[in-house]
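Order of writing sets the labels: A, B, C and D. Residues in every chain begin at 1.
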Amino acid sequence: MIPNVLAERYASPALQDIWSAEGRIVLEREFWIAVMKAQRDLGLDIPAEAIAAYESCKDQVDTASIMERERVTRHDVKARIEEFNGLAGHEHVHKGMTSRDLTENVEQLQVFRSLQIIRDKSVATLARLSRRAQQWADLVITARTHNVAAQPTTFGKRLAMFGEEMLSAHAALQDLVDRYPVRGLKGAVGTQMDQLSLFDGDAAKVAELEKRVVAHLGMPAVWTNVGQVYPRSLDFRSVAALTDLASGPSSMAKTLRLMAGHETASEGFAPGQTGSSAMPHKMNSRSCERVNGFHVILKGHLAMASGLAGDQWNEGDVSCSVVRRVMLPDAFFAIDGLFETFLTILDQMDAYPAVIRRENTHYLPFLMTTTIMMEAVKAGVGRETAHKAIKEHAVATVNDLRAGKVSTNNLVERLAGDERIPLTIEELSGIVAAGESNAGAAAAQVQGFVENVNRLAEAYPAAAAYQPGSIL
Amino acid sequence: MIPNVLAERYASPALQDIWSAEGRIVLEREFWIAVMKAQRDLGLDIPAEAIAAYESCKDQVDTASIMERERVTRHDVKARIEEFNGLAGHEHVHKGMTSRDLTENVEQLQVFRSLQIIRDKSVATLARLSRRAQQWADLVITARTHNVAAQPTTFGKRLAMFGEEMLSAHAALQDLVDRYPVRGLKGAVGTQMDQLSLFDGDAAKVAELEKRVVAHLGMPAVWTNVGQVYPRSLDFRSVAALTDLASGPSSMAKTLRLMAGHETASEGFAPGQTGSSAMPHKMNSRSCERVNGFHVILKGHLAMASGLAGDQWNEGDVSCSVVRRVMLPDAFFAIDGLFETFLTILDQMDAYPAVIRRENTHYLPFLMTTTIMMEAVKAGVGRETAHKAIKEHAVATVNDLRAGKVSTNNLVERLAGDERIPLTIEELSGIVAAGESNAGAAAAQVQGFVENVNRLAEAYPAAAAYQPGSIL
Amino acid sequence: MIPNVLAERYASPALQDIWSAEGRIVLEREFWIAVMKAQRDLGLDIPAEAIAAYESCKDQVDTASIMERERVTRHDVKARIEEFNGLAGHEHVHKGMTSRDLTENVEQLQVFRSLQIIRDKSVATLARLSRRAQQWADLVITARTHNVAAQPTTFGKRLAMFGEEMLSAHAALQDLVDRYPVRGLKGAVGTQMDQLSLFDGDAAKVAELEKRVVAHLGMPAVWTNVGQVYPRSLDFRSVAALTDLASGPSSMAKTLRLMAGHETASEGFAPGQTGSSAMPHKMNSRSCERVNGFHVILKGHLAMASGLAGDQWNEGDVSCSVVRRVMLPDAFFAIDGLFETFLTILDQMDAYPAVIRRENTHYLPFLMTTTIMMEAVKAGVGRETAHKAIKEHAVATVNDLRAGKVSTNNLVERLAGDERIPLTIEELSGIVAAGESNAGAAAAQVQGFVENVNRLAEAYPAAAAYQPGSIL
Amino acid sequence: MIPNVLAERYASPALQDIWSAEGRIVLEREFWIAVMKAQRDLGLDIPAEAIAAYESCKDQVDTASIMERERVTRHDVKARIEEFNGLAGHEHVHKGMTSRDLTENVEQLQVFRSLQIIRDKSVATLARLSRRAQQWADLVITARTHNVAAQPTTFGKRLAMFGEEMLSAHAALQDLVDRYPVRGLKGAVGTQMDQLSLFDGDAAKVAELEKRVVAHLGMPAVWTNVGQVYPRSLDFRSVAALTDLASGPSSMAKTLRLMAGHETASEGFAPGQTGSSAMPHKMNSRSCERVNGFHVILKGHLAMASGLAGDQWNEGDVSCSVVRRVMLPDAFFAIDGLFETFLTILDQMDAYPAVIRRENTHYLPFLMTTTIMMEAVKAGVGRETAHKAIKEHAVATVNDLRAGKVSTNNLVERLAGDERIPLTIEELSGIVAAGESNAGAAAAQVQGFVENVNRLAEAYPAAAAYQPGSIL
């Protein structure tokens, strides 16, 4: 059999369980039992021992037997009904229900539970990111815009930046979870006609039945006006939330790949691991690259979801069916694999302060030219004169560095030797040295991020303590 | 000049104003003034008369003059600074700011105000949809699944179904508006270094400055940890919310196009309009088709947004610039055009009860076969016998209808003539006739939708009362 | 294990074989053998019996054993080398090769063979479509634009229209196959350094080696300048060609779904199959809906492919790896499933001439109004007078039909009774009746399509004769 | 008026002309004139002086006048007919034509001419890329995989790699141009009914008419079986070809952005330009970033195109209309802007050999470890012993470099001092030095690329000589 590569290679057992054939069948059976219990409480003639019999066998899943039944009935839901009835020795499941009353609700339950798991993993990720941001809150690095040196920041601040992006997407995901509406028992075209028939037109009972079933599912809301299916824009919203949530990790992974190229940081190695045997110096950012790959995959699933949203004809059909079979589990496997990989990166990543310092030293004189100009002006020289002198020397220095005429940045010496600049080499060096430890509000900003994450981690302590499995 | 086709042909003046060159320049100037006022309050030496001078000329926008300055400076923000200074006769704007301190915040303001306008238009749409759903709450139609007749529902329920999809997306959009975070004054790489220099390192003053500026912008939140730019996943989230919101209208437009094919409903005509002169009978669903077109456009903008999210290198760069210049205004123009069109459809659409009744009559005997079987069993025949007889006659009837052997659905007569079915033709006809007015919980469901929309319309009365402009 | 749902439920064995773990390992081994043979011919010391030993065991694939080796080596290619060496009792494979010299070429072989299979299936599809177009070449139907009646055409012409769309995409796919370039043996960064070392810098031998290996692969071209990887825009081009090819079938499937709603045609049933047991009249277009679903899936894969194209950093990395593991097999499984489904539709579909005739009769008087006007003018009335009269009656008729005031289209009677129109009811009825069999050039156009397909089928007779497997 | 930002800021005049309102109107009038000439030749009564009158006024485009007419007629094509007739003083245009007979063909002409311009710009780009590849064919750089040092290559080879990717996409685009089929004169639903009426059913004349009109358009092929519209998968194919073509430039732009971060190369400056005034050292890769931005935009247009392909209902409608109004011109403006930008990069880019050498020196000892091991084995030491010693020293060296314990790569000294390695420091240094100039087949591969481009440039000399306009 050809396996689902996302499930088998990357996703965690929790997600695999939800989306496996066996896991789904158990969810369906639990759903049927919840319906039967509610129907019985509301007056339908379903014996208690029948329900007990269904409950006692609900975990006996024999997919081969079900498949054999399907070959006879040519109808998948009917085959699963017969199998469950056969196991229990009763015929009480699926009363007044159409196939979609079962499948829509159970698929939404799969989505809802998956969303919660991913929400929890984003908490685990934020907790780790917060620790890393604190660890390096004061490690000054050369911030880059357009991928070239710009101003000092700290490595912790850089991480907090990607972390805060995730925090924002996390809140949006939580909004989705808090509002997530389930279809409920609505019948073939959404009018509840069959449940109404079953309860002789008693609308209050039908409403109470649905209320109880939704309570079983544990979802916070229920649709009132639907057709055969719930609106597929809800699936779109879910996949969009996952894509959104993957963005912070993806940007951070790209930035780590860039830093690895400069040897200022790396995603690290597992304990005992070294580079490739042929090239032991090589620390390839394979996991970061994989994170970026997962994001591309999610964007593909988003395109699938957007192909379904807004394309409902009348009360619905199954043109979405094959798409959702692929897109829903695979999007969750992909984001799950992304988090498993990203958590491992966060556990193993490393910074190289010596190389960072070398880079700072190389660029700092350039980064401090605006401060040097201000001090020169204070010391009496005209603004235009100072600007002209500094620009001349800065351009000459960068050109000489690129041409190999000088090997270290000697802008300070050049400026000290220029009469137009009324500052000594000690004063100039002092300005540059002060720059090395001045990253503005970076440390305080990191602290703000850490506090926000702490609040979240306190609200979800188990999620925050999650340990990823080992990755390929 | 080649115009922006979405702006010129489809978008409303409110959106055009926000995204026009002139509108943007005024927003920038108001932003600079807000910064100066706060800086002055916090101790910077900015004379009150200077601020007054800026305020008095802020609406004098001369794009040609600015463009001339840009040709000299080769820097767009610098040109706009010089123009504003020139008009005011002062040089106090942009203190301690980098270009992105201006442009990011102003672009977010454009997005935020556009989101609010679209939020309001969705309220206007829901209000109309609710009225239409009430109007046709009891008009029984033949619900279709797989585009073929399935069970009765009502036209009002069908509309409420698409309306409730929109209502759900509306709530998600409102969540986005309620949380929308602005970048604030963060400097070249996000560390606020330059504002800190300006205030001699006084972090409290810098924080207070930002707080006041954000208050001016009227946005509910502010980022703490950003780089040169705010995370582009926020743009993604905004465009995804628009795409989501367009889904209900898009599905309803497709369904109206289908109904027009059956002549059960149409998007209607403007007063005085008829079909094409060559074919006056033709009522083309041009506006519904356009709604679907706008949705496709939005999905394209979503693909652009998804190409930016998760692609930040270090503290940022301008690889997103050209994309955002296209995607942000155009996505808002597209959704705005969609709502202008859809509002017009809602105002002009029509249903054709006589044709609907003809369709119901044609299909109803088929739709009531399950009820007929139940009654036959009550009357004493075995379940299997009844099922077999009904199936035989139903298949024969549908085949004869398709083959043209009969011209009306005579299933009732066939069943009445079969000894296996112990029901008279009066009884059978009665069952079918009862079906015509039984759409289950449809009317009550519509009422639920109406009440939800009423609450929303009460909260946003001006939005609910919006009248669309005339469309092409 | 969680299966790949596209492979297991929808794809044919031919595609499954290419993309299975076992199938891939055999392809790799055959590739290694081809390299060894060429290396030996060019002077490397590889004994003939070693090659014979490898050949004799190449089909013994034990994935469990390979996985066990991978757990030790932590390197997938190394594990597969050791396994093959172990089976053969020699150590000659992979000389002068890097992992990508193996994997890129073998993955391209999988793509290339899959492209050929899909090319062949499109021939099979075109052959069937051509037969159906001929069968119904003269069956006049009411063509629809904007989903409403427009002018007569024939059902065969409608099918030929979708067929010609496919034919155009087929030619583009063939262009891709004809040009498809393989990466070849290029070494770690594309400079062939390691093969050059192996042959002591003999560039001619290295070139000859690559030529022979490419000949083994059977691909028409080879890249010269590549890095570690071949350009991912080639994958994009392949997936785009598949998406393109799916468009004709997808449009036809949508149109069949529309026709099923009018009961003028249907995708049919398998022999012995009827509608759902609860609603035997219902002929759901499940297979057509599935075809549309596959197209949505392909567009998602296209989004994945477009996320890789143009994103190569330097000589390449593995950020594409997880994406290609999902996208490449799944895109081929999806298009394969689409064709298996669509071929079945073509075999089982049906048209309902009696219903079609009813529809023609209903609309034809409207469709012939321009002809009626021309004849009225010839008979002496002024053009404007005739136009005014016809428009009045046409609008009145369509309104009365929709309002249920008349049950059949009596435009002809109305016009006959109007003094302004100097034509008798016989003349008017004659014009309308002539319209029923006048579909312009439709029949000749169909013939043109049939001839083009015939040429293709003659060039690929085996492909044209392909029979699809049975579908779910 | 809000301008089209892609047209105004980035696209070249040639593209603007094709897609402007005025340009389109002239194309339409030329089309009508071509139809009239052919109709006259085939016997219709159209006076020669009428055609002459139309020809003499075809360039007098008054969009305001046309818009005024449209307000009266409420039909855009009718307004343009009346305007042209009014100018010429005749009424002979548009005989037997429907609106789509005009608009589809003219829009295809816009697409086709745009495709040719882009094809030509890709030739211009390849010619420049070829010169740059030759210029740096022997400049050895450190190739990177996973963004870290891997093996030597040359800068010319790296450029040729991206060039060959473009060459492959160029050939695919040429295939599209060579096959591009136009819709032709097919009437309202594709059956040519109206032209057949016009020529009294003479199919040969109608065929000849179409043949002449297509010859006027200059397109290589014509559809036979279409509906109201030509298949939108052809638009998809066109936009996909543009996206494909942008991939090589996009990957090269990303790689230049990476190299700028290492100061080994840059996109350069316009003559006289320096870095930002605040930071004169900063050479921002703004143009490369913009190239990547254009690619993202194209992927968005591709998503729009894919939303239209496979979504034709019956003989077609206008759900594609608003999408095509945006997507078609904008995709061409985007690719045109991309090429204008990329050509400028190619003209201004620079490499920094001194920095490149520094990088080579830093990494080369690592890159040559496999050669060192081979030589050590030749000198008598066991393979395992040599491997162990080299690995120990390589890992220690990289760690010491990262930790700042050493400032230059002293692996050679370390190995020379290890008794296990029987090579002198002179021998070891010699191996490393030889590596510096050994980039395998790189130079020969570049030559292969250059020859292919030369052939192309000879075939399209004017295209190859194209000079880009100045960019913002």
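FYI, a contact is a pair of C-beta atoms (placed from the backbone, for glycine too) under 8 Å apart; a residue touches a chain by one contact, two chains touch by 3 or more.
Just so it is clear, the structure is predicted and the values come from calculations on it, not from any experiment.
Participant: Hopping along touching chains only, can you work out the least number of steps from subunit A to subunit C?
Facilitator: The fewest touching-chain steps linking subunit A to subunit C number 1.
Participant: At what distance in angstrom does the C-alpha mean of subunit C lie from that of subunit B?
Facilitator: 33
Participant: Taking the mean of the CA coordinates per chain, how far is subunit A from subunit B in Å?
Facilitator: Roughly 26 Å, centre to centre.
Participant: For subunit B, write out the residues touching at least two other chains, lowest number first.
Facilitator: Subunit B, residues with two or more chain partners: 144-147, 150, 257-258, 284-286, 289, 292, 299, 302-303, 307, 313, 317-318.
Participant: Can you tell me, using the touch rule above, whether these chains form a line, ring, star, complete graph or other shape?
Facilitator: Graph shape here is complete: every pair of chains touches.
Participant: Residues of subunit A touching subunit D in their complex?
Facilitator: 144-150, 257-258, 260-263, 274-275, 277-286, 289, 303, 307, 352-355, 357-358, 363, 366-367, 369-370, 387, 390-391, 394-395, 397-398, 401-405
Participant: State the interface residues of subunit C toward subunit A in the complex, per the touch definition above.
Facilitator: It is residues 1-10, 16, 19-21, 74, 257, 273, 284-286, 289-290, 292-294, 296-297, 299-304, 307-308, 313, 317-323, 325-327, 329-330, 337 of subunit C that touch subunit A.
Participant: So in the complex, which bits of subunit B are touching subunit A?
Facilitator: Within the complex, subunit B contacts subunit A at residues 143-147, 150-153, 157-158, 160-165, 168-169, 171-172, 175-176, 179, 181, 187-193, 196-197, 203, 206, 223-228, 231-234, 236-237, 240, 243-244, 246-251, 254-255, 258, 292, 295, 299, 302-303, 306-307, 309-318, 371, 438-442, 444-446, 448-449.
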